[in-house]
């Protein structure tokens, strides 16, 4: 007999399975959607690479990180990641000195350009990384420093 | 219930720029209220984008994404009249789906 | 919107070219340009429109018949003429005090209780969305406060004196920071509010979304925080001093293009 | 405040009604109205109580001037009054620790209704809000003049020397009560208003005058 609890457990398992083979439909984007908790808790690049199960990153001029030189307010810092290289699977945005390094990760399909941007919080001036995970296993990155200034009256 | 998103999808040639604003606290779980109590983490974790019902992008976010998140991406081959759908789910299981027409 | 977008893109492009010799001011300008497209005030604007049209309160009525100075139900162009005198209340009112009047008379809510509510809580949170909506309906229009009624002239005169009123432990007045051109606190430019500081600057930029806290601030909250930083006691919500300052700044800003709701640090 | 009391006879509403029939009424007394309005519009919140709205003679004169210069005699009289309030350090030592001074200069907190205590230990110097001080800090205000190389420009190589005494005493006075030298200065009267104590003022003195301070590099 199926109890309600079983049904929930079952659907979560199915969702996880679908997610693992990239078949998760939007309608099912719920508790079961893939989320790499370990990656979002990583404090540094080594931990992040381990949590993601990917190769060590190498700097590349083919990857671009966008962001302001100076942010007037660390609560909202516009940042972007892009690359002109073909075969990108994922783009990551990292803030080196945040409590957890990984801010956002985007899965890139053939239907979109490898060019995403968002806004992130920065506790202090820090390097911001754009990381591209390539189909061939290469992990490429670009970085730039963003200064966060102290604004207002400070009161 | 969560507030509606604001989605703009503008086509230029064969590329469509999609800009999304979401209403969400994106609480980090590291801040304290005036009584010194930690405000629990509350943030969007999964985002998905569809073009005419076909998934074109998914994303995972951490609490470092700013409050009332904005994000932008570029869809290839979309044209005016196409439907762009964005969905998100947060760490409490709250979710929201909104749709916009490419112009 | 399109025009704003283009200028912001141009700014980014220009700044990008001279990256190596970029000054702090250029860096800040670049940061602001990057934020201009995608202002979360849009979220508040949409919510405000919904609230305006929604039947609420003890009288289960919408605000659609609210008279903001252009006649009942006319929202477009109302914001750039506020604060102004209203015959029914026989008072000069700014947008927020006028909304309180409508919420009480049309919807049966308790205006005094809302005025006492803290910013961002309860109906005060709804007012923030409403001011985003109402101000957005005058986006691109020029500030033009009426000064024909005697009370409007009086409010300008007392507002001017309130603007220069020095007191508190720091001896500050509004004019300490906003009385001269080209000044700043830390990196924030301070508009000279004793004259028209230009399109979309100062009075013509509020209400605004504050990126620092993700809140939408109307003029009442803006003035409240100015007085806090001025080390003054607490100004009552929609109190005479806040309305008078609104009239003084608004009359000075005559002809400036309103970009509200804008986005601010 | 004495003036306020005599001015308060007219209520704002009454005065406004008068303004409404200006043809027969005399010119409305806006000064009376603004005082009445200020008292009616504000309330106590935490440490920020309405008695802060009281103006001393300096603040009243500078408010009335509305940004214009005071008549010279009036300005001199105000400056003389304020100079009398300046207390030099009891132990005759003016220079503290510039490192603590730098922290104070960076700190823009204190005296708002959201601050819990009005004690000097809760207050910052607010210096960078209005002044440039060191090369390293790019986030500085411009309401006041740049103080970069403050001591160096004035030739102070040893702030404890007899040669430096005039500039040291002037600087102390400026921090203690800025209105002693400029009647309508925008600068708070840190010592006179009891916002910074002697030790804190000494640390700010060191920041400005110690040759090793980042201000003088």
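A, B, C and D label the chains in the order they appear, each numbered from 1.
We take it that a contact is a pair of C-beta atoms (placed from the backbone, for glycine too) under 8 Å apart; a residue touches a chain by one contact, two chains touch by 3 or more.
On a predicted model such as this, the values are computed, not experimentally measured, just so you know.
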item	value
Pair joined by more contacting C-beta pairs (A-C or B-C)	A-C
Middle chain, criterion being Cα centroid separation	C
Most distant chain from chain B by Cα centroid	D
Centroid spacing, where centroids are CA-atom means, of chain A and chain C in whole angstrom	36
Chain centre separation (chain B, chain D; CA means) in Å	48
Chain centre separation in whole Å, for chain C relative to chain B (CA means)	28
Euclidean distance of C-alpha centroids - chain A vs chain B, Å	14
Touching two or more other chains - residue numbers and ranges from chain D	112, 114, 128-129, 138-139
For chain A, residues contacting two or more additional chains	75-76, 78, 119, 147, 149-155
Of all residues in chain B, the ones touching two or more other chains	66-67, 70, 72
Touching residues on chain D, where the partner in the complex is chain C	12, 15-16, 19-20, 22, 28, 30-31, 33-34, 37-38, 40-45, 48-50, 52-55, 58-59, 62-67, 111-114, 118, 128-130, 138-143, 179, 186, 188-189, 193-195
Residue ranges of chain A in contact with chain B within the complex	24-26, 29-31, 33-36, 39-40, 75-78, 80, 95, 98-100, 102-113, 115-121
Interfacial residue positions of chain A with respect to chain C in the complex	68-73, 75-76, 78, 119, 147, 149-155
Chain A contact footprint on chain C (complex, rising order)	19, 22, 24, 27-28, 30-32, 34-35, 185-188, 211-214, 228-229, 265
Chain B residues touching chain C - in the complex, by the definition given at the top	3-4, 6, 19, 21-23, 25, 66-68, 70, 72
